[in-house]
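Okay, got some structures for you below.
What follows is a pair of complexes built around subunit A, which joins subunit B in one and subunit C in the other.
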Partner chain A sequence: MTTARLLRPRAPAPWPGLVAILAVIVCAAPAMAVLALALAGPPLATDATSLSLIANSLAGTAALIVLGGGGATLLGAGAALLVTLHDFPGRRVFEWLLALPLAAPVYVLAYGYSALTWAGGPIPINLTGVAGAALVYAVGFYPYVYLAARASFATQSVCALEAARTLGARPFATLTRVALPLARPGIVAGAALAAMEIAADYGAAQHFGVATITTGVFRAWFSHGTPTVALQLAAIVLTGAVFFLVLERRARGRRGYAGGSTRWRPIPLYRLDALAGLAAAAACAMLIGLGALAPLAWLTRLMLMRPIADFAELGGPALNSLALALVGGAITLFIGALVAAGARGGGAGGRLALYAASAGYAAPGAVIALGALTLFGFARDAGLVGGLGTSLALGLLIWTYVARFAAPASQPMEAGLARITRNIAGAARSLGAGPARRMFAVDLPLAAPSVLAGALIVFVEILKELPATLLLRPFDFDTLAVRAYAYASDERLAQSAAPALIVTAAGLAPILLLARRIAAARAGAS
Partner chain B sequence: MRDGVGRRVFAARAPRRQAAPSNRRFELVAPAVRRLDAPAPAAQDRIENNSQESPPMPLPSRRAVLAGASLAALAACGQRQASANRHVNVYSARHYDSDRRIYALFTERTGIDVRVLPANGDQLIERLRQEGDQTEADLIVTVDGGNLWRLTEAGLLQATTSPALEAAVPSRFRDAQNRWWAFSKRIRIIAARRDAGAAIQSMDELAEARFRGQICARSSSNTYNLSMMAARIERLGRANALAWARGVRENFARPPQGGDIEQLRAIVAGTGSIAITNHYYLLRLQQSADSAERAVAAALAPIVPDQRGAGVHVNISGAGVSAHARRRDEAVQLLEFLVTPEAQRVVQELNLEFPIRPDTALLAPLAALGRFHEEQIPFDALGRRQSEAARVYEEAGWL
Partner chain C sequence: MSAHDITLSNVSRFYDGVAAVHEVTLHAPPGKVLALLGASGSGKSTLLRLIAGLEPLDGGEIRFGEQLIANARGAAPPEYRRVGVVFQDYALFPHLTAAANVMFGLDKLAREDREREARAWLARVGLERRAGAYPHELSGGEQQRVALARALAAKPLAVLLDEPFSGLDPVLRAELREMTLGVLRETRATALFVTHDADEALYVADNLAIMKGGRVLQAADPRTLYDAPTSADAAAALGPVNILGGMISGARVATPFGAISTDLQEGAPALAVVRADAITLSPGQRARVTDRHPQGATDLLRVEADGVIWRVIASARTAPQIGAQVDVAIDPRGAYVFLR
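Let's look at the complex of A and B:
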């Protein structure tokens, strides 16, 4: 009965609507709980202190998104452009090493940089405030743009590029008029991820002393004791995220990206001459050095000063981190796939699902966790659940992960899907495949590089996640990130180095593995 | 009817999936999940609990089943340390090695296991609020008098007393209604670069114009600074506090950033010459394995301020029995253990904090700071005045 209905060619697909409802419940409920509290609370604060707090927070976040996010986008898109369309010494290695900074939590980078750059340190420059935070965001978050843009470039049609060449376009014109516009969904999706990460980051902004919306939420909530102002700020973050997303959609317009092709061949690389090749290699090496090697080398030096006993204590936390990242990652990826598919189905439902996921992602982790906790409180008052025991705490925690990271799981997928030609969908449909079958048998395999990018990002994100894990985990359940933070927040950087490096190392393997798979995933690549 | 069908599908598919997790995308995942799956004693009710909060999926999914099973395994993994022994659950805002050592010692002495949830103090309060009478917390440990006050205000602690506590903890360092008991203290001091040769004896002087461009301090959103300001407002009033904060802000060598240790490093490197810090950060640099850090400490003179005036600003760590504790006896036992000479020694050794028991011998690095007299205000004030303190800082431009 159901199958028959799905097979009927012109039947409207019901499930983008269902997905939207699911996404709103799973991804947006914690954020909506926070908003509901904001509306139910006392009247909005309008006193001078609160207003100046709000203004400072907005200005700080805006500056960081422009400088840090802009920097990350330039670096990431530039790197993707270099390694996918050009040939230079070391290209094959750089191709996947460039994803490396993704493994290091940005708060670890911040600690590493401020330890490196104090006036008496190895790099005696004054790296402070907005400049410091923006630098750390740019070098720490560029892989988001790089991976998404790379996947877009890698699945690009050779035909379009060759057509441009036969029409007499010089390499530079081919780049700016064909390759870049075709990769735009990927670049924009990556930039959006970076911007949302910046808006939600707490650790680095706090460390460099920049007043942002996220630090403002905590300042208002816990220092001023004015949850209303905190909620107002949280509401601003959430609205901002959705607004940003709408802008992104508008920018992309209704154009279809029918750039893919069924004739897969390796993209012919533009060979750089010796000098330019060296410069390109140096640029890639510098990116990796700034985003990972320099701060991590410093942490390694600190770690080596510690006794071996420190490491023995990290086995349990390491296992917990891994288990959470695997289980939470699998669930998040599944929900993310549904959201991406729903968004692809078009219509208001699909868009709603995407916005719901983005709202969760742009909100600071601790705010989402507080929202989830509030919902738990309601359920407990209503007698639906008992205490926050081990299983319930883990359930809430994983729910928070899904709410936070469904967007990074779905956005690369969605961008990848956008690059599959409408003809393929049409063909599958004419062969009688329903929307679910089309999604899992045709679209997702074709968008494999993007799905892998999503998987990689979510796994590592959960590994690094801090505020929600801190708040919602059960007894005796430390993760590596929690340990690293506990020591770093107590200014014991040397002791925090070991767990921080293990988090990074644990994220490293999947990142390198998946980055290589993305490189190999291009159909027709030798 | 449909449910019945769904269940059959669920039952038929689940074992196959567990026996052969062959999804290629999760090759890395599979071994770990299988291993975790193996013990899963409490799988059934985990899955039920889980289904209460996640809505029904539109597609029956093998992956969801796998995920559910893994969640159950994860839960089992979280509980693996809960043995048949008696135990006590601790919510702690202190994630120090010293506390882990003290809990291990406690288990050694009493056979009672300690299960700990260390997290940020303010957020723990929010979690306790939401958990209400269902909380599993028996003992609540936190840093800062302000946090202790907020715990009592929220009704999250119950009164406790015992001869051992009464004997060990001076009355100034416990709640008037015995809801919390302090077990360690720290002081907020001034560090001055020796070669700058500045003569300074009180916090008040930091606002004097002669120190223009000389002072490094961390952000005012930090608890240590908030409590120091709350104490000043309590002693001298808001106007004085605001004028002082403005004066200090005008003397900043750079905008506030980083923690206390970073201020110490900055002044040694020549950015200013005077920093505000908790005493143990400076002591920790003195004891560091890193010679560069020891050199920083050697270049600094610790000054315990206000010895001719109101006394140095003191803050405490304390603990109280959760209002809804299910293991009250064990919680009280652990509370008492925190103020035994043995635990008080660990607090000094591993965390370089001052013991709360007046009869404890001080270790050398702490004794080297000399005997000092302490600011005398009730610790409640640190909480009552905290939001006012935050506003004063902001008004003064010390962010």
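Let's look at the complex of A and C:
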């Protein structure tokens, strides 16, 4: 081989920059459009209707974050302290069962609670308004805090707790002086995540009749016909969501919060006596019951009481959901893979791609949908596209999914790519493997499990998605989530049970995956 | 010159403006082991990565035989270099069995040849029974042997070993060192062996290069390096030494333990460097033994005179007790003077 053919010139790879541009356009553009228009658009609406809508929305969201988010934080942190520091009957099962409420979208829990209470249920209380929504958020979102706080313990507290014991600290002192301060970053990260979800939620708030910023966006857009106000509300909720996301990232640092990346080390457990142990087990069981079992069981009962013929009417929405989740999921996965690969390459381009994907993830679905609609409006005014027909609407909807879920798709892939160390890649090259062979013989097989995990997460997230789908779906194009929402809005909870439960059943899959990782991390104890 | 000759001329590599490797010139002759000895951060692993093609050069050139392989403008991709690498963390493919790892570099062969070769190589490193095991099922020593077999099976022009025994216990280390040297001798591949362990470097090397701060301090055969270091750092790299500053006066540098002769410039500030094994103690008055640590066949002593403490390696059976008064004799073959 001649020198001229053998030597390859030195040149930096251009693709991290291209990935960054793509990620900004796909993931961040809709949210950025909302922000830009809210800032550059007409001054704040000053008419009484708009002002009261904005004021009520802010007050509602603030109340829900304080009550619902505060409740979720107390429950989640309490559960984490219980299972990581104490030994009691069933602890190992509760450890992963406590994540169960994440399987059900909160709007499904909301329907379940309504069915359990005022809508003909066995508990005769009028659970509506802020109290209802806050309760559902608290029991539905506590797992965020639980998982993050638990991971905080698992990764760093072992020695500190042992040191506290050898220094003579009593259990309560160990708790307040060592355990809680150590878990604080995890608790803050989980609480921020819960607050972000509460601010973005549409289904449960709407169901309980609470005016929030997200429901305000819908009302301003659809009922009041004031897109300016909708954009301004969207900008407010977007800013809040980004604030909570930054808070979460700061608190979490570079650690994963699901407990998968680090090995579980046995923490010196305080063995509870029989009575206290039973009380602890009962508390965990109650939490799981409130967050998942009771409302879902009651919804299941409602569903089973209905004639089976009604299942037929779910065929169309189920197919629509499946198609959206498959197509949207595939595209999201592709963009997520590019972002993960770009982030692995490091450099400014990779970081920018990651930020863009994170911005899309932080933005509530309603905001991104609004941004996509606005950008579409520009394109239509410029004569680039025609009217909002079915295919274009579906295109916008899929774009929204991609923008929203590229980050959760890329996260497990980043972890998977981290398995391909610099030396593994170097070994493959020095053994003569060219780019194609490295891709198929090394990179893909090593990354496959995490790609599958990312695919599963995105598939289920799209299946559960409600606000963006409501805003953007073509006329008469229902998904399971939309159908569940529509029936519940008509106070036909029994009919909404079936689509709601199908969505929840799909949501179980990633939770079981998470549970397996929790169990596997523990099995690695030494 | 055969393609197995590796020549580095003025090779440099910078990270953010800091030189990891600075104008290194080295020659690795075929069929010999060239050991690179240095502390962590001395640039020895970077040098291996440059030769393997896993890092680009910022200056100088690398040739395999007459063939230019890399310079600051361009480089042959690693997959065309035929260089085997045994990484410090072994870097076995976690999703492939031991046999499949070894077969990875043999994809040009027909399937049955590939399998036969892999089996033969695993047998050569004593792992024929573990062919079907995955890396996580292998012990550290077994993983190291698979990595060696994988690197050599592809019949590379050269094999680069980056601290290949660093994670292993001393007994296993010695065993694997023997096996590795045996296999390297059989294959006649050019070998570069990176280590931070002076004893290991002296043991494995046909030629030895001492690195510090990205530069090669001195390169020679191990005996020459040990007996004729060209700097205090080079002397200190291969074993315990005593260093004392002084002035050259009357063609010698005075120390509390005796004078060291030199033909360097009269009146210049200098360092006297004396190997701890070049000192003989006998009963006397000049110095006092303050400390004694058994090391097996030898003891490491600390000896004090005029407030200066030197280390002395002495035979464990004849070494004086703590507190003993001794006279000191310095063997001139292990005592050097360098200009400061």
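Going forward, the second predicted complex is superposed on the first by the 285 of 526 C-alpha atoms of A that agree within 3 Å, B and C clash if a C-alpha of one lies under 4 Å from a C-alpha of the other, contacts with A are read in each partner's own complex, and residues count from 1 in each chain.
In this section, a residue touches a chain if its C-beta (ideal position, glycine included) is under 8 Å from a C-beta of that chain, and two chains touch if they have at least 3 such contacts.
Remember, predicted model here, so these are calculated numbers, not experimental data.
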Which superposed partner A:273 touches (first subunit B, second subunit C, both, neither):
neither
Compare subunit B and subunit C by how many residues of subunit A each one touches, and report the one with more.
B
Now for A:56: first (subunit B), second (subunit C), both, or neither, which partner does it touch?
first
Contact-wise, after the overlay, does A:219 reach subunit B, subunit C, both or neither (first, second, both, neither)?
first
Could you tell me if A:211 is touching subunit B, subunit C, both of them or neither one (first, second, both, neither)?
first
Which partner does A:389 reach: the first (subunit B), the second (subunit C), both, or neither?
first
Which partner does A:429 reach: the first (subunit B), the second (subunit C), both, or neither?
second
Output check: A:421 vs subunit B and subunit C. Expected answer is one of first, second, both, neither. What do you get?
second
Can you list the residues of subunit A that touch subunit B in one structure and subunit C in the other?
none
Give every residue of subunit C touching subunit A within the complex, in rising order.
49, 52-54, 56, 67-85, 87-89, 91-95, 104-105, 107-108, 150-151, 154
The answer for subunit B against subunit A in the complex is residues 25-26, 28-29, 32-33, 36, 42, 45-46, 49-50, 52-55, 57-59, 61, 63-64, 66-67, 70-75, 77-79, 81-82, 89, 95-97, 115-120, 122-123, 126-127, 129-132, 134-136, 219, 221, 226, 254-262, 265-266, 268-271, 281, 284, 288-290, 292, 296, 386-387, 390-391, 394-395, 399
Across the complex, what residues on subunit A touch subunit B?
15, 18-19, 21-22, 25-26, 49, 52-53, 56, 114, 118-121, 124, 126, 128-129, 132, 206-209, 211, 215, 218-219, 221-226, 302, 305-306, 319-320, 322-324, 326-327, 330-331, 334, 338, 366, 370, 373-374, 376-377, 379-381, 384-396, 398-399, 436, 451-452, 455, 467, 470-478, 482, 486-487, 489-492, 494-495, 509-510, 513
Which residues, counting only subunit A, touch subunit C once they are in their complex?
1, 3, 6-10, 419, 421-424, 426-434, 437, 441-442, 445-446
